Amino acid sequence: MSAVTYTFLGPQGTFTEAALMQVPGAADATRIPCTNVNTALERVRAGEADAAMVPIENSVEGGVTATLDAIATGQELRIIREALVPITFVLVARPGVELSDIKRISTHGHAWAQCRLWVDEHLPNADYVPGSSTAASAMGLLEDDAPYEAAICAPLIAAEQPGLNVLAEDIGDNPDAVTRFILVSRPGALPERTGADKTTVVVPLPEDHPGALMEILDQFASRGVNLSRIESRPTGQYLGHYFFSIDADGHATDSRVADALAGLHRISPATRFLGSYARADKQPAVVAPHTSDAAFASAHAWVDSILKGS
Amino acid sequence: MSAVTYTFLGPQGTFTEAALMQVPGAADATRIPCTNVNTALERVRAGEADAAMVPIENSVEGGVTATLDAIATGQELRIIREALVPITFVLVARPGVELSDIKRISTHGHAWAQCRLWVDEHLPNADYVPGSSTAASAMGLLEDDAPYEAAICAPLIAAEQPGLNVLAEDIGDNPDAVTRFILVSRPGALPERTGADKTTVVVPLPEDHPGALMEILDQFASRGVNLSRIESRPTGQYLGHYFFSIDADGHATDSRVADALAGLHRISPATRFLGSYARADKQPAVVAPHTSDAAFASAHAWVDSILKGS
Amino acid sequence: MSAVTYTFLGPQGTFTEAALMQVPGAADATRIPCTNVNTALERVRAGEADAAMVPIENSVEGGVTATLDAIATGQELRIIREALVPITFVLVARPGVELSDIKRISTHGHAWAQCRLWVDEHLPNADYVPGSSTAASAMGLLEDDAPYEAAICAPLIAAEQPGLNVLAEDIGDNPDAVTRFILVSRPGALPERTGADKTTVVVPLPEDHPGALMEILDQFASRGVNLSRIESRPTGQYLGHYFFSIDADGHATDSRVADALAGLHRISPATRFLGSYARADKQPAVVAPHTSDAAFASAHAWVDSILKGS
Amino acid sequence: MSAVTYTFLGPQGTFTEAALMQVPGAADATRIPCTNVNTALERVRAGEADAAMVPIENSVEGGVTATLDAIATGQELRIIREALVPITFVLVARPGVELSDIKRISTHGHAWAQCRLWVDEHLPNADYVPGSSTAASAMGLLEDDAPYEAAICAPLIAAEQPGLNVLAEDIGDNPDAVTRFILVSRPGALPERTGADKTTVVVPLPEDHPGALMEILDQFASRGVNLSRIESRPTGQYLGHYFFSIDADGHATDSRVADALAGLHRISPATRFLGSYARADKQPAVVAPHTSDAAFASAHAWVDSILKGS
């Protein structure tokens, strides 16, 4: 019996499960597929699972904006790990079906968008049937009354399902496509600083004036903290109201990051900290001398000595 | 016979068609529903239509990111008008079907997301069947073998279709929800400056360094140009590469906007101009004295006099 | 016998002594005139005096750049008080001398510069004889072989010296002229925060690149700290190398000021703190909510809670 | 007979005349020494001279702040050339006078300040007698009743005056000291761009708010224009009101400089252009691709095409 339980954006056989399998021990853990990102996260919030693996960037299954929104609101969560999965697509059909038989193709809308060049060239007349996931479209082929002849899915599910025949491989437009996933748990001790870390925050834009976003960005730039991702999301409350989801280089225990976090909190008190965790690519942060921990320690010691009247 | 042809994100009866109907003369024009934003825009590019109405912000039918991406690449297009449409949802079913009969509900995923509170309260056990649009889900009810008993759609289609019965109105979570749409044509003479205008640009982030986005924003801020929308989009080429889609107050013929455009072009030469057009809310821009047309004219005259040696 | 000893930029009867007399108890203290600012400060550094009164801004006796340079280098000193003295000039001569007799006028060069309009109008043919101070020029008239017939000086000395006759009053070009003086002592406990305070720092420009000065200024601007004085001074080491002498609103015990000081120290580690003291004009600082002590305290508590893993 | 007339800050034999002698043809020109910077400039303004050589930075004769102030106000002038002169000092006395005889030394106050180390070591008990210039102090020794026994002056005058004996050479504290001088004429055609140019402007600080100076500096920084000198000067109108005297790399005919000038004029309409001229050190400007003339030309062509509706 497993001591650890993970939820993930299902169904089984998607790229998200491939990401989860990168986590040490995941093969032996209980892995619960969820029909959407919200459910995967809610079960973690409710204590029914230890962590959830969900897509955060450039996903073929969608869920990215759902993830951005879901972790930005509600009970607080923490990202404790990231995973990168190369994205490759295959075209599958039931045995005996050939390319020339295909009139309708099902897959998730995002996957469909990423295979347009191949489809336009090889099956220009095929109609698109939306699916709720690549795996669901693939599995649907096994049902008797499937309203389509082929599906686009991840190699993983094609390999595991004996009833599916691969008609074409590597049909994605971009051979270097990668999706980034995050492992999300309840708040707790931060993962240890590795020197190659990321910190994720959600910052509501405080006001609609030309400088508000610049003030936010300046909290990072003025401390030499590089940003590897910045995405705006409407808050949904009214048009023109945004929050920004930001990945910054460094760990909250780095002085320059901690100082930037304090600055963000002052400007936008509803800023939410979403975690500090090791980068999947293990690329160490470049730190200028004047933003090093030593520089911060020296500066604070100096100010302290002033305040003590020496 | 109509002299003007519009495409729009269909099918008929969606919020997008409601936006199109706000355009003077649209009722008498040829209106061609398209299954996706790309097709609607491609037909304009190909000269088969004069303009396309597509969603750009906070849409219930999706298409927003598709629109952002589609107008950011390919043959150039120009936004010539914007339209705001209040978003309200109704639950429809075939006559005779009651709430207690409903086990499955179909609608577009974004509409589903915006009616979760009502559904959780009134139909907590209903399963979700993804549809390609709210109208498609509604129309599907009229087919014999519909795999769901109810649909969530716009009031427009419910009103026009005699075979659909409205079981509940105003079931959206946010009573003030609005979607913004844009009318897009091929490049040509700019719409006249009204004093309450918007200019839309797409700016690829030139490099991955802490200050790049700030430099871009500074082109606006340093000329007192307010931003009403800023959204990041991955370019799709590789993780961490973005472009920014930006709505700025003012018209390209305003000196401060023209100057900001020139600055953007220098920093990010692939910057794309997507149009200057009247704001739907007719709110005039606030212009500081030092960023007025007169201030620019005076400054250029002064520099010219210096260069002439006077 | 007095327990307190002050030095000041002499001689007696100058505007600087008038500034010193504003200090409570100065009338009963030992007051030592010094021939230059350096000497006045050195005697404080050596422990021979408790504090020195010297001009810092817009002085008629010179000494301003000398003061800026002298407190920027050498053993550390602290400004503990500022004083404002209205500047008015009189033209004096020995009894019996009339305007028409005057061929040569002596005064300090800065005073001469500030009375040019009056002199050009009333004594256009008078030659200028440089003096080391306004008081020295006035006193020189009492000597037998004075190489000039009149002097420009402060009303104070004219009133105290029976041998001097005032030929004209208020002859300064600017009737609102004011000079600012500072009282400087050895480092010790900071004067108490009054809510209307100033903090003075000296910041060497770290490098010759376009952004260095902006980074320094940003340490203040990003914390909402207004600057009431900024002056550049060459370091004297080589052309193009500067330090900046800056007066900022607020007290070092204000969180926003302390945070700005820490930022300055990181960027330019040789930054020198020259004191926090009450403003002579008692104008309280305006503090934005996000730069208040409460905002800083809240931000630091938030970051602490993150680092503790809650 | 010379066709060209120069004024300079005199008297003859000072470092300023040495600077003037660097100008091609100056040896054959009429050279008029003036007792102060204002007079030297006024004679140019009045058309009595073609140009004036005056100190602008780090001068031993004073005049720097006078120059900064004089060219910042009044009838417009243009800097057309700069000159650098190494500063070395000698101690002179009448023949027969030895070091041990010296009780009083005369020189200009700035020269005195730059020889303090040598004087403190070799003549610690000597009194200082202020002189109006180093040359005046030296020449004063030749008079019968000179109230001092020695003078500090430039080697030039010591070499030319047979009645002066050099007691010590190179007595300045800083062996690398250099003074910068400028040649100033009435407005006219700009000196040609050499690729290693400077542009000098005077910018009144428009308002007393935290960001005003940053906005000014940003006009340069945002166009990649490096600053080689920035000095604040009180306007003299009231405390806390400043103008900035700025040397920027580049020529007004460089697009990035012209654009920065236009920006300055908008923010501070009283900005004064003081000239573009070749750098004495011939160090070429470093220009980033996005601030090159080509980038500006491309940006303006792009904006023009937008405004033309293409």
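Letters A, B, C and D mark the chains in the order given here, with residues in each chain numbered from 1 onward.
Here, contacts are C-beta pairs under 8 Å (C-beta built on N, C-alpha and C of every residue); 3 or more make two chains touch, one makes a residue touch a chain.
These numbers come from a predicted model, not from an experiment.
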Smallest number of contact steps required from subunit B to reach subunit C: 2
Rounded Å distance, subunit A centre to subunit B centre (Cα mean): 25
Subunit A and subunit D: spacing of chain centres that average the CA atoms, whole Å: 60
Subunit B: positions in contact with at least two other chains: 218
Chain-level touch network, classified as line, ring, star, complete or other: ring
All chain pairs that touch each other: A-B, A-C, B-D, C-D
Residues on subunit D engaged by subunit B in the complex (per definition of touch): 187-190, 215, 218-219, 222, 252-253, 258, 261-263, 265-267, 269, 273, 290-291, 295-296, 298-300, 302-303, 306-307, 309-310
For the subunit D and subunit C complex, residues of the former touching the latter: 57-58, 62, 65-66, 84, 109, 113, 130-132, 174, 176, 178, 180, 208-211, 213-214, 217-218, 220-221, 224-232, 234, 236-240, 242
